[in-house]
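These are the structures in question, set out in turn.
What follows is chain A paired twice: with chain B in the first complex and chain C in the second.
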Partner chain A sequence: MTALAESVAGAGGVAPETPVRRGRRGSGAWRYAVLAVLGLYFLVPIAASVWFTIRERDGVSLETYAEIPGAEGFTEAFTRSLAIAGLTVVIALVLMVPTVVLVNLRLPRLRTTVELLTLMPLVLPPIALVVGVRSVLAWAPDYFFGTPLAEAFFALQEPALPWILVLVYVVLALPFVYRALDAGVRGADLRTLTEAARNLGASWPRVLVSVVLPVLRTSVLNASFLTLALVMGEYTIAVILGFETFPTWIVRISGSQSQLSVAVSVLSLVVTWVLLLMISALDRRRGTKETS
Partner chain B sequence: MLVVLGALPFFLYVAVFLLLPIAVLAVEAFRATDPVTFEETWSTASVAAITEGPYRRAYVGSLQLSVITAVLGAVLGLALAVAILRARRGRLLRRLVLTASGVLANFGGIPLAFAFIATIGTSGVVTALLTDTLGLGLGGFSLYSMAGLALVYLYFLIPLMVLTIIPALEALRPQWREASDNLGASGWQYWRHVGGPVLAPPVVGATMLLFASAFAAYATADALVGSTVPLVTLQIANALSGDVVVGSENRGKALALGMVVLIGLVMVFYAWVQRRTQRWLA
Partner chain C sequence: MTAVSARAAGPADLRERPGVPIRLDGLTRRYGSVVALDGLDMDIAGGEFLALLGPSGCGKTTALRAIAGFDQPDAGRVLVDGRDITGVPASKRDMGMVFQAYSLFPNLTVAENVAFGLRVRRRPKAEQTARAAELLDLVGLADRAARYPHQLSGGQQQRVALARALAVAPQVLLLDEPLSALDAQVRVQLREEIRRIQLELGITTVFVTHDQAEALSVADRVGVLRSGRLEQVATPDELYERPATGFVAQFVGTMNRLPAQLADGHVALLGVRRPLAGAAPAAGSVVALVRPEALEVSAHPAGNARVVTRTFSGASTRVLVALPDGVEVRIDVASASSADLVPGAAVTVTPAERPVLVVADEPRGEGA
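Then we have the complex of A and B:
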């Protein structure tokens, strides 16, 4: 309180310009140091990895990258991961779009609960979740053997297309999907739009398909992409349940083909980044179009 | 009433695929299988076993690594976020950093481990540069150790901090800074009395998130060090793959339950801190 009084009293006599400028310039140097040091920290591993994959005894070659599509097991693992990702996106959206819309428009009482549940996977260690899932799956041979339920459990664990991974990945994707969709619903004036549609006689399913989904296009795109990237990179759950996906394949080949594993890693990071950049640019273009 | 049914699929799904596995974990950690008769009984043997010996070391190792990397990541991430937001004509820089952060923070795992192996692993590019070309050596640093893991963890924790803290930084109104400047406050006074108190709750929250993320990390550690470093996640994977020893499966469940309980305690502490700071701010 006294400090405040002093500065108020002093403000009349002192020209405010000088101290403000000095402070700003000092923090500027600090800012560039942070950017330089952290920039180095983030760029060196990427640059070194690229160099690691293209150096040969006699110069430089892109051969490692050309080898990727033909590498043993790559196609199966990659397409399997893509299929799992696609299914995860579909289930996550079918589950979450109606829930988010309902919670925002009709059931605000449930908001805190839904929010809390969707945020749980963010802090819950995936390895703990997968140990629990494994225990549940072990019931099939232990308790339900010979029943249709056991058959269903075994069908979920088909190595060619492990549905159990899809179902668990939906849980892992919940925080991303919920937040992307919730931001979209809050950004658009969805209440007015749905009320208008309802007044004109549209049923709720029809409102979802013809009003909500078009409005949420970018949010849905955002949520889908985040889920896709999450599934393509998920390692813990796949390896503990013993399925081969894209990331577990990288680890498996790393022992014998280190250059290849690094090349695939760098490529997957860069491709994900470029796709995310494109989506964010799309987001902005749509955003500016709507405000103008 | 019918509207509530619309939210039912969500709650059912979460109950079956999120809550049920955790509940099963909590129950089966207290089961034991007799090595001779294979009879199942209630027992606290697994839970008691994980509080000593290598398991205790693994918990301590995981906690140390997560606390240190979370605090370092929070400080560096906050600095980076401030630097990006203040950069002049920083829109492109900002977009690049934000999207790159999104990739690294959430989807890095395995690729990061290999990028670092190629950089500063045994036959890494920087390793070769430092030892062969410059003759300096790595000064005792090894990527396949706690310090090495910390270096890699920061590579996804700093971006996570940037992502989570930028909305809070953007909520700091420029008018507050202008007001305090006009009243003659120094930069330090502004942060001490205005910016700091407003930012404290989100910064604490983000640090907790970083802690949880580091504590749960398994992919990077598995690809980098196998099981040479004491970490709970690695011990859990070990216990599950060791089919030979009867009861190791139950020990895996007990270890996983321990992780859930620890994270739960951290969250309770976080909620308590948030309530305190809110009361203090009000």
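Then we have the complex of A and C:
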């Protein structure tokens, strides 16, 4: 099926409801109106940003974008943020995949508790979280002075790769990661699949690698993407703890090089979109491979 | 046994393992206050096809899961070939299982699914491929090897699941209502095929179902469970002809319940006397259990019973008749001689000349 035919079929998915309704033509017009307003709402600021970055005294140029790689501090901040994001994704998945699977298969009674726990970061304002973290970071090295624990607290705050940010971001990402994975587990009949694998002689680690992860592939990708987007855009915590990450760098240079900072923002938006498209493309490729 | 001669057709190394006996010894399992298994004892012979039959919640699935190792009994033992495997994890039990829900791994092809158990056992790649092909051939799906599960119909998926379960040459085959998600025609076809393959391989098989027709049609013996206990285990014929309890009689096949009197070894019902089958529960007022084909009905102007409905089903026709005391009975007659048994017709009903099973006068549907 071509992409066009697929999108047409997809649009047809809502059709069965509409014929029975009255005033269908009117609702169609409304749909476009809402779409147009929303489109303007989202696109106008982006278009304005793009225009701001390419406008020059004597016409239009992409020079600002060419300056990005060489900009002072860009490479360090960007790679640091990427590293933090990667580590956050790995730790969050290592923590949550077994948790979600266990809760669904073996310990359904703990579901409510785990759901509440993973919701905490959404309920708790990040500012409260970071103030708490900062107090502990300030107090702990003194309190544990002379012990390895104090060293550990210093290591957590290494400016080149601040592990403390990784740990805080893991907590912030929990609600998204849990929800994405839980939806995947519930969508597939994971209990029967794991029992089938166990019955065929697979050990638990084997079940996790050969059965659970492939089934959860899409949810794992979704969870990773949400976490990545979260980390690449997080400003409050990084700036309060005094680390330079990609977002704080953008804000720092915006004073002296406003055009450059907006160009970087536009670029990061594009990168996010490309990632999103890649994930859905990966999924679609699997779909077509299976149906061909 | 016919199975032995038929075995020659099956894949070679499956046949090298004759069916092993299974013994369930006092299996007990409680979920909170619910008793799923209440000291279940059962012997399953090597190579036997045993169906576990019962209403939902009777413990049949719990029993199967205890054999498979997915459910740990609170008390009792599971013995396979004389060996106590109660504490052995499911992955080391050497049993093949087909589940009620579709259980194929969605990310693997049909052939990869079938070879999964061999891959886990680190068998050579060539053996995996050859074996998958062999098993797919056995279930008639050799041409679907490269497909993915979602490209198959429900019946085909369950066939692949059967091939996958058999690919590792298990000691025991466990079937947990594998046909219940399928439509009627495929069910009948597939259950016959399962039986054919089981006979070819001679593998000990436990088949859980709530469908009595399914159990009676394929199994060597049928165990009827009720509230976690075995009511009766017998061949389909015996279960149908000589149910041990009122529950079994009600659950297996259609059974009419008629008020009757028991006196000196004979049953008086519908104005005639018939010999008593089995043991007498109590003297005096009892309930006679009579199969639809063990009643005779004929149109008679002076008859005091009335035909209520008439349901044609091919060679036989089922007639629902209201007796004078208001009791309704189902009677099967040959369609050829049922022309005048139209709704409203006056008829007479007579029990056939054969022994009658009676139970104590208990409330209808008790425990069902």
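Descriptive notes on the structure:
Basically, the second predicted complex is superposed on the first by the 242 of 292 C-alpha atoms of A that agree within 3 Å, B and C clash if a C-alpha of one lies under 4 Å from a C-alpha of the other, contacts with A are read in each partner's own complex, and residues count from 1 in each chain.
Criterion: a residue touches a chain if its C-beta (ideal position, glycine included) is under 8 Å from a C-beta of that chain, and two chains touch if they have at least 3 such contacts.
Quick caveat, the model's predicted, so the values are computed rather than measured.
Using the contact criterion defined above for the overlaid structures, shared-chain residue A:V170 touches chain B, although it does not reach chain C. Contacts of A:T245 after superposition: neither chain B nor chain C is touched.
In the superposition on chain A, A:V34 contacts chain B only, with no contact to chain C. Of the two partner chains, neither chain B nor chain C is touched by A:S224. Of the two partner chains placed by superposition, only chain C is touched by A:D189; chain B is not. When chain B and chain C are set side by side, the one touching more residues of chain A is B. By the touch criterion defined above, A:S203 reaches chain C but does not reach chain B.
Once the two complexes are laid over each other on the shared chain, residue contacts for A:L129 go to chain B alone; chain C is not touched.
According to the touch criterion, chain A has no shared surface contacted by chain B in one complex and chain C in the other. Of all residues in chain A, those touching chain B in their complex are 3-4, 7-8, 10-11, 14, 16, 19-20, 23, 26-27, 31-32, 34-35, 38, 41-42, 44-46, 48-49, 51-53, 55, 95-96, 98-99, 102-103, 106-107, 110, 114, 117, 120-136, 167-168, 170-171, 174, 176, 204, 226, 229-230, 232-236, 239-240, 247, 250-251, 254, 258, 261-262, 264-266, 268-269, 272-273, 276-277, 280-281. Within the complex, the chain C residues that touch chain A are 68-70, 89-97, 99, 101-107, 116-117, 120-121, 148, 150-151, 161, 164-165, 168. Note for the complex: chain B touches chain A at residues 3-4, 6-7, 9-11, 13-14, 17-18, 20-25, 28, 76, 79-80, 82-84, 86-87, 95-96, 98-100, 102-104, 106-120, 123-126, 154-155, 158, 181-187, 189, 208-209, 212, 215-216, 218-219, 222-223, 233, 236-237, 240, 252-253, 256-257, 259-260, 263, 267.
Listing the residues of chain A that touch chain C in their complex gives 188-189, 192-193, 195-203, 206, 210-211, 214-215, 217, 290-291.
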